[in-house]
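What follows is a pair of complexes built around subunit A, which joins subunit B in one and subunit C in the other.
After this line comes the complex of A and B, so read on.
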């Protein structure tokens, strides 16, 4: 029973990791950009939510109505104003610029909010649980978080394959030059992809902030979790990121159950094992 | 014009001046214990270690195209090897530094086998995961202080030299010698035929491959060599610090972010870049250190600006404007026996 509980908690936290991964996977798919500042943007979203909840007195889940558009606008501006200038054949410019951005966000947040850890208070819902079967309990909030993760990924999937914007994403991903010839403004398409990525980041950031304490320095670890989920699931596969996130979450939960010091280690080792045995990930779609 | 044989030459006018200047600087630096105070020696030794780390990262990222954000794995490995060898096996600290090198190269083999499966920026994050694994493993070693770290026993430190002053001279010269050795090895590598292959990979990987260069093999070797050098420098750094903990040993900010900024600002893909970058970095640090986190924020901004407007860094601007090279690395075809100085491209 105890192990069933552990695995179940791992699966539910996996939904959060899948949301970290989905935004990363999305922009890599569209423009082959790996955003090193991804984790720090998640933390930024958490702080934006903190400001919104404090200023308006709303609960964290309602604050999403504001946090998501704010982050999406930041994403659009970031891509149009900065990241579009780094794209090209060379790997270094986007890497180094997003790396610099990561340092800027971390230290900017440190200046503004100090290194104190914060947390979003969601009220009574945080501790509500229900018993699924004898001795197995599920928290309401983790369950909502997992359901939201599934909805986000399903939504991205529909957007990619059923809408005009999704068609533009796929066309640009396949061949940027031809997409341009067909009348697509790739700068705008890239910016829309980044806006969407940051909208997902906003949701992930709010759930992260409700679940645990956060401070300006925790971004890089979130980037690593997201990245591991992407690679485990297989590059370019949205549902794969969910499986990757769940595998990562379950490995961490099992590791933590054996020895608290092994929580992160177990997750990293699961990732390295997949890399050794199946380097293309479990469900690959594009070659990296 | 078409008569006579051509031969390849490395040296140019500027590189002869450069080598003379570097030689003179080296002599002045070697004599630093006689003209500098303790503070200066400490600062210089720290500068040397950063020159070495940045040069090694430059070899990896600038030449072999292996952009790593996980070199702190080898810095920390070297540091922990020093402490393990000295505390657990009674090895002399200097011997421990020399042993850390080969072990670093050895550890690089399985690491490379695994993470070479990832490409581009995903490779970068993969190296980071490896460094995290190293950090988490180090915090599990209770014989070396676990998560809170450990100091080098006073007896070992005292045994290094008869007096404190002599010990400080010793570590200073050690830092200078190791950094000189790292730079010398990189120059020798770049002047060899493997260096030509590396330069070709830097300029265009596909073209290099089509000319028969075994790109993967060269990258593997470069990764091992950087592991060797970085572990050795890591051991040296923690001999100077006298204390180690998982968080300082495997710090991504100290051993990778700073090193990347240094290389990018100085000029990536050129041997002179990391040296110029380190000088600029330390000048900025001395001037702006009081600003705390704002200082790091500015470093990030400077790196972005340099990457967007001067992607070849400060030395790249100088080299392209004046055609200078401080070290004889490029190859020029000249007519033999008349060795005229061509001003143009190789």
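After this line comes the complex of A and C, so read on.
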């Protein structure tokens, strides 16, 4: 029973990791940009949510109604005003610029909010649980978090394969020059992709901030979790990313159960094992 | 003479330091078919890319429908009514046949061309609408690429080497559809290495040689000798 509990908690936290990963995967897929600032943007979203909840007195989940559009606008502006200028045949410039951005965000948050740990308070829902079977308990909040993650992945999947915007993303990813011949302004398409990525980041950031303490320095570790989930699942496959997140979450939970110091190590080991045995990931993109 | 639909006035185009076009001028009237011929590297594709907005000419003007478009980016040019069928077809491999056509209609210009009309023109595409684009044969891909360009309801269609790498029977088949396309009133520039095909389809012919116009005139007045002299520069 104890192990079942552990694995279940791991699965549920995997949803959060999948949300860290989804935006990362989306941006790499559309514009071959490795966003090193991704983790710090998650933390930025958490602080935006902190401001919104404090200013309006709403609970964190309600604050998403504001935090998601705010982050999406930041994403659009960031891409149009900065990152579009770094894109080209060379992968290095966007890599370096987002690395710099990561440092700027961390230090900016440190100046504004100090290094104190913060947390979003979601109230009674944080500790509500129910017993699914004898001795197996599930928290309401982790369950909501996982359900939201599944909905986000499903939503991205529908958007990518059933809408005009998704078609534009895929076409631009295939061939930028010809996409322009179709009347697509690729600068706008890229900015929409970044806006979408940061909208997902906003959701991930709020759930992260409800779950644990956060401070300006925790971004890079979230970036690593996101990367690992993407690689485990296979690049370019959204459902694979969810599976990748779950595998990472379960590995960490099992590691922590054996020895609390092994939580992160176990996740990294699972990642390394998959990278060694199946470098293309579990569900690599076949086509499309 | 009526105002032409497209007027290219003495453009120079460069790839980096390499000059690909030297003062090229060209006129296309509404509804007219113009052929641009020339050997490999003569600047044919560069001319089409400049018109379509994929390259910005360093000197000269491109006037479309009375307005300069030389500095406009490709996505703006297509909205004004110029569509390019690029060399090598360049379908989007991640998209299905139908999605390729739909994205061609992304610019939402009104006009006669719809998904159904393209399927009427190329029925084989309708049968294969849900397949990924790379599953089509070369000729079918070319049809899809032409259909994709038509979906933007252009007033001027630019076709870059549509016969390249295709069997002669397929090329004849595709060229046989051109009259049906021109019948909708759009003007056409075909770039070809296949001179016979180009001369048959076009009224006006321009021959490029090393980035300049070596010969121009009505298709029926150009003799084989004149063309080969202009083509090879001998």
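Definition applied: the second predicted complex is superposed on the first by the 285 of 288 C-alpha atoms of A that agree within 3 Å, B and C clash if a C-alpha of one lies under 4 Å from a C-alpha of the other, contacts with A are read in each partner's own complex, and residues count from 1 in each chain.
To be clear about the criterion, a contact is a pair of C-beta atoms (placed from the backbone, for glycine too) under 8 Å apart; a residue touches a chain by one contact, two chains touch by 3 or more.
Quantities reported herein were computed from a predicted structural model and do not represent experimental measurements.
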| item | value |
| --- | --- |
| Side-by-side fit of subunit B and subunit C on subunit A, or clash | fit |
| Contacts of A:111 with subunit B and subunit C, given as first, second, both or neither | first |
| Touching partner for A:93 - first (subunit B), second (subunit C), both, neither | first |
| Which superposed partner A:228 touches (first subunit B, second subunit C, both, neither) | first |
| First, second, both or neither for A:147, with subunit B first and subunit C second | neither |
| First (subunit B), second (subunit C), both or neither touched by A:170 | second |
| Touching partner for A:272 - first (subunit B), second (subunit C), both, neither | first |
| Touching partner for A:36 - first (subunit B), second (subunit C), both, neither | first |
| Distance in angstrom between the closest Cα atoms of subunit C and subunit B, superposition on A | 16 |
| Contact residues of subunit A, present in both the subunit B and the subunit C interface | 288 |
| Complex contacts: residues of subunit B adjacent to subunit A | 61, 65, 67, 69, 114-115, 117-122, 124-126, 128-130, 132-133, 136-137, 139-140, 147, 252, 257, 260-261, 264, 268, 293-294, 296-297, 299-301, 303-304, 307-308, 311 |
| Complex contacts: residues of subunit A adjacent to subunit C | 164, 167-168, 170-171, 173-175, 177-186, 287-288 |
| Touching residues on subunit A, where the partner in the complex is subunit B | 33-34, 36, 82, 85-86, 90-97, 99-104, 106-108, 110-111, 220, 223-224, 227-228, 231, 261, 264-265, 268-269, 271-272, 275-276, 279, 288 |
| Residue numbers on subunit C that touch subunit A, as the complex places them | 52-54, 73-75, 78-79, 83-84, 86, 90, 92-95, 99, 102-104, 106-107, 132, 134, 148-149, 152 |
